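Two complexes follow with subunit A in common, the first pairing it with subunit B and the second with subunit C.
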Partner chain A sequence: MTAVLLPVVNGVAFAMLLFIVASGLTLIFGVMRVVNFAHGGFFALGAFLTFTLAAGSRLPMAEFALAAVGASLICAALGMVIEVVVFRRIYHLSHTDSLLATYAALLILQGSLILIWGNRPRSQPLPADFGHAVTLMGVQVASYNLLLIALGLLVAVFLWAVLIHTPMGRMVRAVASDRTMSAALGINVDLVFTGMFGLGVFLAGMGGALASPLFQLDSTLASTLVLESFAVVLVGGVGSVLGALIAALLLGLLNSFLVAFDPVLADFSLYIAMAVVLLLRPTGLLGSAAMESR
Partner chain B sequence: MSVGSKGVRSDLVSTPGDRPWLVALLAIPAAFVVVVALVGNTSQLYFWTTVAETVLFALSVNLLFGQTGMLSFGQAAYFGIGAYTVGLLASRQVNPLAMLALGSLTGGLAAALIGAVTLRTTALVFAMLTLAFGQALYSITFHLQAVGGENGIVGIVPAGIGGIDVGQPRVLWVFTAIVVSIGSCILWMVSRSPFGRALRMIRDDATRAEMLGIPVFRYRLAAFVLSGAMAGLAGGLYAFVQGVASPDSLFWTTSGEPVIISLLGGARFFYGPVLGSVIYVAATDTLSQMTPAWIFWIGLGFLIVVLLSPDGILGGVRRLWLRYGTHIPEVGRRRTP
Partner chain C sequence: MRAGILRALGALLAGTSLAVAACGGASSGGQGGKAAPPIKLGMIDTLSGPVAAVGTDGEKGARVAVDEINKAGGVLGRKLQLVTEDEQLSPTASVKAVRDLNSQGVNLLFGFTSSADALAAVPVVKELGMTLVAAHASATELRTTQFVPNFAAVADSDAQSQSAAPEFLHQRFPDVHTWNVFSYDYLTGHQGWNNFTAQMRILDSQFRVGKEVFIPQSATDLTPYITSMLSALPAGSGTTQGVYVFLYGAAEVNLFKQGAPYGLANRFKVILTQGGGYEALANTLKANTPSSWVGYDYSYKAFNTARNRQFVKDFEAANQGTPPDAWAEQSYESVYLYEAAIEKARSDDPAKVMGVFGGLTFEGTQGKVTIQKKDHQALVPQTFTHFEADPGSAQGWKESETVVIWPSKSS
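The block that comes next holds the complex of A and B.
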């Protein structure tokens, strides 16, 4: 029981962190049809902002949460500004050209991290109430991992409720499926784009904030986890939040079971899994034909 | 080049022919190699050797990106394979040219295997798949202790050829320049051949090319393998120049550099990556001495090029030439009686 439960909890916790970041990425792709490499930059920015707002010290949970929310909101605001100034100019380009523009944006964000925080790696301690292990069915698991699982599920439910059951969600889905027709029907497409970009980047920042106690904070953070969330988005199917959830769980569990055996295999398997799914099913598990167009 | 509105859109890639400046184009680099070899100090030699090795890598990537219209985000894999091949052989005193040939061969072989699988998809899936395979290779070298793990292989020195110490900076510069010239010439001839024209046709309209009887998949695969082989050659040179073969040379951001370089110079021009390499290496060299956040300025410059002049510096110059330079032939005509 112990041998199974521990990797399951750790795997699901990692999966939820991946899901939070990847759901933002998949929303941006689904609505704007842009492969956003800059997502990794916002993820890293969220982590660094949390470090600064929390002053790098061990805080009670409530204050850490405040820092995390503040960091995510700053990311979202910056994201919306960048959407209006830069990204709006690249939607009409082909996938590969817009991908290069977002790659440039990633380099700029990564450089900004060094400009603001310097090259010295930082670390953010866990919030005070979540630094210990709790016993769950006879197994010692990290309580912060349980928090991650709860928050991941909360994000999933929130996105499902907003996208499927509100008028705003219907508008977003309309724009995602046909932006010209939506504009003709009187939907403010530009506003939807900016709003969804803000939401996507908020999720990236939130992922970064939650990851800040788990990773060493340096500028390479911008180019590491983004690839794993790319894998989640592509395996799940571009634009599908449910697909991202399933893919994150699959890849997270695969990763945590393989890490126990062999770390080489764990890293390697993620990319091989991504390659296999893309080859057998280029649209991903639950994707539509979004990847096929253009 | 054809005239009329279509002529404006076609590229310079296919234009050099029996023009007198072609001689200059070949003579100037040769003279340049000799001058740098004679008067360059150690840091200048190192700079130009790095530029030369970067030129070959960028040209290899641009065969795919600029000429065939395929964006691969995994060319670092073949570059790294070339570097590691050379690194693993370095302690055995093999002839450096043989080592480079082997590095090129392993790069090409890996590209053949991965290309045969990844090229069956659409453009965006292709970019993501090459990225995934590249990262898979990166994670192997990063964890595998047999190839030095995280640190890679260090202290790579080329063996001598006939008593000449190739590792000596001045000799290494000439050696690198010769190898890069050979590689570039092969790529240039390929781009001017009917095969190269077919690749540009595939870039402009793959469906039409297929309809006209061009075997699109096989031509793309051939371009991918040639690109991988040249990237492997460039990687082998990198191992000699830097003295290391590290996992970093396989990381996905390494794949981004030659793409930036090609776009900066002008991806639709054969010489775009050459101009791009000089500017990029000089810029990173200067900026990294001034600020640790040099990547910020590289990113900003790259973004400006993508947004304002997607055909790079050469494209910008060409547009200015077409707009303001049209009176020049008239001046020439008036002079001839």
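The block that comes next holds the complex of A and C.
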């Protein structure tokens, strides 16, 4: 039992962190049709901002949460400004051009991190209440991992509720489905785009904030989890939040079990999963149909 | 009249030309008055990107050496001049940098953060008749299968560092016989562990290999690897077993950050890390620094030689009181290696300089340095420094002890 439970908990915890980051990415691409390469930059920015707001010290959970939310809101605000000033001018361009533009934004963000925080790595400690492990069915589990699982599920429920059960969510799905018709019906498409980009970047920043106690903070953080996030988006189906959740769980659990039982294959778990799923379902597990079906 | 004016003008022109030639000859000193051109040393190191600290600290160390030597009159009466190029942690960029320096007439090179970059550069260095001193690159291949006479190394080789570690550990912790490992899952990671275990088997008849965990360089979530190690450890491992951590960069820090809730550091009697920077772990984790030994080839506090005292003093004066790290020291030593080689060869011609690499000796920060004849590897000691958290101090950590080991194996 222990041999199975430990990889499950490890895999799910990592999957939730991955989901939070990837959900923002899939929302942006699903609604705006923009592959946001700068997503990793906002992830890193969220982590560094949390470090600064927390002064790099071990805070009680409530204060750490405030720092994390504050960092995410700053990321969202910055993201919305960038969307209005830069990205709004590129929507009519080809995917290649918009890809280059978002990549340029990533490089600028990475350079800014070095300019502001320097080259020396930083470290944000775990919140004071979550620096230990708990015993769950005979297995030691880091309490912070349990927090990540809870928060990931909360984000999933929140996004599902907003997208499916609110007028705003219906507007977003309408724009994602057909922006021309939506505009004709009086929906302010520009506002929806800015809002969705802000939400997507908020999630990236939140992912970074939650990841800050787990990783060394340096400029390479922008590429941490980005490859996995793109894999989650592709495997889950572009634009599908539920698909992103399922894909994140799939990739997280696969990696965790392979590390435990066949470490040689663990490094390839991402690519194995992508290859198998995309061969069987090229649009991903839930594809683009997911946003229209509710 | 007109002819007279023309003759006068002609005489004036001729006289002016002669006067200018004479002044030029005087100011250049004729055969002895013209200033000798400087001897150019080319530093190729990582000056940008996530590990830019290696190259930028290295450049600071090199400049201190160049200033010291120039203040003392230079080499063969000529000043040294440092020319730098960015390695960019890219073999392609490194090779381009070698060719760029060659086209500028800079043929005495040193540096290289990455062994892969150094391995790419070495054939080009040989082709162009240049020389290369590895300041940081430690790969065994540079000293064995890929060795060329144009190459020398100040950086400790993997064999040196990984044979010194068991010697130190067995001496200091003779009752610890089981050793576990966290290492990168790539060639150097496996080679490093193999070197460690091979030397341990010679030293300790009771040596046993514990759990081996090799982590992919691309891995971000280390929790599965950490729990894999912890679930293999017996009860009481915190008083009987050790762990050898052969990681560097973010993974070294992430291992202890993600392992902290599980009390990873307390599950071993001894933790030895090698591969990362001397103070890198402590400087990043601060008050969360685990009690651990760090093996490295230089600690500025470990050597009480005249050269080291001068180096630390001059480095701190040039860098707002910051003491030098190993990267600075390695570049500093590289410059002094060239000073000794050029003096011995009585020339800065690379062909003559490389001819004196083997058997060369010079005063380094760690004492007298000898360059081996067989592979041009400098015989350097390893320092083992104990770090631990010190929450009461401003920096959050302290060094409690340093031990210097001269390894029995050099390559």
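Heads up, the rule we're going with is that the second predicted complex is superposed on the first by the 279 of 294 C-alpha atoms of A that agree within 3 Å, B and C clash if a C-alpha of one lies under 4 Å from a C-alpha of the other, contacts with A are read in each partner's own complex, and residues count from 1 in each chain.
Operating definition for what follows: a residue touches a chain if its C-beta (ideal position, glycine included) is under 8 Å from a C-beta of that chain, and two chains touch if they have at least 3 such contacts.
It should be emphasised that the depicted structure is a prediction, and the values quoted were computed from it without experimental measurement.
Because the two structures share subunit A, they can be overlaid on it, and in that overlay subunit B clashes with subunit C. Within the superposed three-chain model, A:Ile90 lies in touch with subunit B and out of touch with subunit C [touch as defined at top].
In the superposition on chain A, A:Gly30 makes contact with neither subunit B nor subunit C. When the shared chain is aligned, subunit C comes close enough to touch A:Asp218, but subunit B does not. In the superposed pair of complexes, A:Gly236 makes contact with neither subunit B nor subunit C.
Contact with neither subunit B nor subunit C is seen for A:Gly287 once the two complexes are overlaid on the shared chain.
In the superposition on chain A, no contact is made by A:Gly200 with either subunit B or subunit C. Once the two complexes are laid over each other on the shared chain, residue contacts for A:Gly208 go to neither subunit B nor subunit C.
Look at A:Asp267: by the touch rule set out above, it reaches both subunit B and subunit C. Of the two partner chains, subunit B is the only one that A:Gly111 touches; subunit C does not reach it.
Subunit B runs into subunit C after superposition on chain A, and of the options 60-68, 114-122, 240-248 or 384-392 the stretch responsible is 114-122. In the three-chain superposition model, subunit A touches both subunit B and subunit C at residues 119, 219, 227, 263, 267. Subunit A contributes residues 2, 6-7, 10-11, 13-14, 56, 119-123, 125-126, 130-133, 140, 142-145, 213-216, 218-220, 224-225, 227-228, 252, 255-256, 259-260, 263, 266-267 to its touches with subunit C in the complex. Listed in rising order, the residues of subunit C touching subunit A in the complex are 49-50, 52-53, 56, 185, 213-214, 216, 218-221, 223-225, 227-228, 230-231, 249-250, 253-254, 257-258, 260-263, 280, 283-286, 288.
Residues of subunit A touching subunit B in their complex: 35, 86, 89-90, 94-97, 99-101, 103-112, 114-115, 118-119, 219, 223, 227, 230-231, 234, 263-264, 267-268, 271-272, 274-275, 278-279, 282, 291-292, 294.
On subunit B, the positions that touch subunit A within their shared complex are 71, 117, 120-125, 127-129, 131-133, 135-136, 139-140, 142-144, 251-253, 256, 259, 263, 291-300, 302-303, 306-307, 310.
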